[in-house]
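Shared between the two complexes below is subunit A, which has subunit B as its partner in the first and subunit C in the second.
Moving on to the complex of A and B:
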């Protein structure tokens, strides 16, 4: 039953992704002009237009052909793993990705871990101790953290760090001395030393939000009859809470894991810029602005693929954690 | 019936501390239950009939607390009774009693089972908490219990979830869970509310047959006088947190004493007191939880209200004859004379 359902979903995913890929490519090409036009303009400013170079670019990237043909070249290349080159840097898109994705993913995964490991215990505590000073404190801190944009937190953090710990550089991920060094234990340690800053700043808002959601979910479940019944069986109250209401309340979070997938590689654009992080976010933004079609389209499209896969994973997880949901109902 | 009571509540008070003041949900309740016997506690919503049994189970949740009284429980016949209030409600001792020798089933069986656990897991849990059986033995016992409460194909049903069962079936499962460790006393809090009438009968019959088999005492909490007539041996009528009358089930319907009991019986279809014509409602409304009624709490609604007596002092529960106790000045001669003089 489950395998058939997954197969069906994957079959549906193919046309969906094709349609998305076309829309992505179309939207990126939509603004007037192209990278080539901009390049010619820039060359004119510098004095001479190198027609030979223009010609090479034209031939390599099919600028003279209609958009649909360019799309065809891009998508056929994409499925075979050849995503083309960045117009701007002339570096293979796959190489750019290989460079940026691991760092981006590391930050995202650590952030998710940070968020969950704080939000789950605090959310449960706030629910169980609802309407007590502890709950009010958590609510106050939580709402403040939610209402403050992350980039403001980042700026405040930098200012505060400057005055209390001036030697520490809160921007970037790798110290200058390791910047071009090959990966080693020391470099990894250095990465960890810097990583907590973006993880903290990125995670604060999400943690606060998740505490609120979990608190509300757990409170809803605590009122249910089955909690009282479990207590009446002689179970320890703390065990009751963890075994029943928390188990039910956490379902939406578990099943939401899939939808986090695309955000793992996107990285937060504004925070990355403020903190000078080498993640994919700012790179994609730059590519979009300079109409660096192949790089931009490939990155955006990969995120869309992850979104489609993530939603499928979410749906499957939901069915795994909640037996009330069944596949392929008639 | 010469044996000692299994459970005896003595002057139990339950209070809820709210921002608007303390709500006194149970105001000095005393009753006892014996082996093989069903004590019905009747009364309208909010009269404290559930709260008094929650107190016995140690299930009163903050801001509520048992503020006064003693709850004597005798685990084995001939053994000395222990006061459950000597233990913290979540202490090891209390948890070993709750769900084991002192079990409870609740109203609304629809939500009484966790939606994400197999019904077998509920049974397994209670057996694990209260017995030393190993995994295989617990499974066998669980299947045996399911069969006992009339659920066929137990081994298969064991693995199913609560939403795959009807309301009546779920209440059967709850009964199976409550009976898992051979309780001495079963508290049934409106066990048939929310079930349709034919299923109600099946559940009550099941409870009666299991009671006979295991010699349990049963406290049956209900507002349904028809259920009382069919199932109870003795009856305690509660009004506003107090017991106003205790008697055996026949006397209750034949010769009720307290005006509240009389009024209650007059408002029910098919009771001997109803008579011809329209059913009678009890006039007035139940006072709010924070209102203070001087004297007898029922006097503003009572047909036999004696001015100068009933609104002055609180009547205590006293024997009217060898069968009935009532908390009413009508049956307490000294006060009655005072009123007529």
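Moving on to the complex of A and C:
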């Protein structure tokens, strides 16, 4: 049953992904002009236009062919694992990814861990102690944090840090003296010293949102009769809450795992740009702006793939956690 | 599953539709508003939202300065606090501000603004200033308040920015753009969602399949990179008005999918109802059945979920504009205003963060209001 369901879902996912890849490629090619035009313009500014170089570029990247052909070359390459080269830096896209994805993923995974470890206890507390000052405080702080754009939190954080801890530079991930050094224990320690900043900033908003979801869910469950029944049987109050309502209330978080997958790469995008972190976000943005098609399209498309896979995973997990949900049925 | 307050497992949609139709037989809006009023925080937040819209939409009248006007002598002036008391030559107490003395620092040659506690600049009401058109038709030069500019008086209630533009006026004008962008974005979402969802649910078949595939594709695309890609695709040569509409479309074209699904689900269950069949037998056209008989059944739900979508759009616009991908000067929006806020500028000129405060207040009260509306629209509430 389950295998058949997975197979069915995968069959639907393939045409979906093909359509997405086309949309992404089209979107990136949408602005008028191309990278080649910009390159020629830049060369003209510097003096002579090197026709030979232009010709080579044209031939390698099929600039003179219609878009659909360019798309064909890109997607066939992508499927076989060859994502082409960045126009700008002439570096293989796969190498750029290998360089940037680990850092990006590290930030996101730490953020998820931070978010969950704060949100679950606080969310349950707010629900159990609802309509007390503690609940109001949590709700107010949570709502305010949710209403604040992440980049504002980053800005305020930087200003506050500057006044209380001037020696510490919250931007970047690796101190200058380690920038080109090979990986060592000291460099890793330096990375950890910087990593908590984006994790904290990103975590604040996410935690707030999750506390609210969890609170609402636990409250819904607390009203149910089985809770009353368990209490009447003399079960320990803490155990009652942790064993029944929390287990049901956690479902939305489980189904949220799917949406975490793509956000492992894209979640820190805006913050990375503000804090100047060496993650995928700023690189993709730059690629989008300069119409560096292969790099931009590959990065955005990988995120879409992760999103589709993520939805599938969360559907499966939800069915595992909640036996009431059956595969395939609505 | 986006609705956090709903139980983890929804009832089968047909069953849900039937109960709802029973509860909401007549004027569901009145029922909803009655429940909404009981939700005190949400009710008051709705007033704040209304006030914000009124103030920002009448920015031409309320704002004392033109948002683009550059005051060369008054760059980075701290806010002039509004005070209430006696101003000489007038018997009744009135609103006034303390003027600033402009001095050039002898060593650093930087401008230093010293508060002159001795003199008081009274605010004058209904003064004449720059001309504007009331409702876009009737030309007038009256403004709510201002000072005697010819005598060199100033009232920068929220300070000025790096170009000497009045912060208070810019926040109001920026609010008009940001708030309207959220509203127009939601309207497009609304139209797209109802039309496509309605068609998809009512007709079913191949049309339904096609629309649902598109929805699925759009929903599985991660939001931020696509926003960035689309925003980066806006040509630099476009006028600010074109950019504005492009931004609205970008924000709206991702949001409509969720609404489309909801509408489709409701439509699927409602089209089998007896009254729908009766209308069809009585010769009503299909669009009449959809929009007159079926849509009003779940209108309150839609209003609630849309009101929760507005703050998201405002936040998105702010972030995109801050990154330089959304609206660009000379258009003033809260995101554009925040472009001036950098770590270095905030340390010295904290008031440059005030637009962020406006964003937070707006989003916060809209979220509260939306939560309240959603609870009120839920027939299983109490």
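In the analysis below, the second predicted complex is superposed on the first by the 327 of 330 C-alpha atoms of A that agree within 3 Å, B and C clash if a C-alpha of one lies under 4 Å from a C-alpha of the other, contacts with A are read in each partner's own complex, and residues count from 1 in each chain.
In this text, a residue touches a chain if its C-beta (ideal position, glycine included) is under 8 Å from a C-beta of that chain, and two chains touch if they have at least 3 such contacts.
All values derive from a computational prediction rather than experimental measurement.
S.K.: Using the overlay on subunit A, decide if subunit B and subunit C clash or can fit next to each other.
M.R.: Result for subunit B and subunit C: fit.
S.K.: Between subunit B and subunit C, whom does A:226 touch in the aligned arrangement: first, second, both, or neither?
M.R.: first
S.K.: Thinking of the overlay built on chain A, is A:19 touched by subunit B (first), by subunit C (second), by both, or by neither?
M.R.: second
S.K.: A:244 in the overlay: touching subunit B, subunit C, both, or neither? Say first, second, both or neither.
M.R.: Once the two structures are laid over each other on A, A:244 reaches subunit B alone.
S.K.: Between subunit B and subunit C, whom does A:82 touch in the aligned arrangement: first, second, both, or neither?
M.R.: neither
S.K.: Who does A:235 touch here: subunit B (first), subunit C (second), both, or neither?
M.R.: Once the two structures are laid over each other on A, A:235 reaches subunit B alone.
S.K.: Determine, under the contact definition given at the top, whether A:27 touches first (subunit B), second (subunit C), both, or neither.
M.R.: Touch partner of A:27: subunit C, not subunit B.
S.K.: Please indicate which partner A:92 is in contact with in the superposed arrangement: first for subunit B, second for subunit C, both, or neither.
M.R.: neither
S.K.: Residues of subunit A touched: more by subunit B or subunit C?
M.R.: Ranking subunit B and subunit C by residues of subunit A touched puts C first.
S.K.: Once both structures are overlaid on their shared chain, how near does any Cα of subunit B get to a Cα of subunit C? Whole angstrom is fine.
M.R.: 10
S.K.: Touching subunit B and also subunit C: which subunit A residues?
M.R.: 248, 251, 322, 324
S.K.: Report the residues of subunit C in contact with subunit A in the complex, numbered from low to high.
M.R.: 1, 4-5, 7-9, 12-13, 213, 216-217, 220-222, 224-226, 228-230, 232-235, 311, 315, 318-319, 322-323, 325, 338, 341-343, 346-347, 353, 356, 359-360, 363-364, 367-368
S.K.: Touching residues of subunit A toward subunit B in the complex: what are they?
M.R.: Touching subunit B from subunit A are residues 224-226, 228-237, 244, 247-248, 251, 321-324.
S.K.: For the complex, give me every residue of subunit B touching subunit A.
M.R.: 57, 59, 90, 95-100, 103-104, 106, 108, 111-117, 122, 125-126, 129-130, 161, 163, 174, 177
S.K.: Spell out the residues on subunit A that touch subunit C in their complex, using ranges where they run on.
M.R.: So the residues of subunit A in touch with subunit C come to 16, 19-20, 23-24, 27-28, 30-32, 143-144, 146-152, 155-156, 158-159, 162-163, 212-213, 216-217, 220, 248-249, 251-252, 255, 262-263, 266-267, 269-270, 273, 284-285, 288-289, 296, 299-300, 303-304, 306-308, 311, 322, 324-325, 330.
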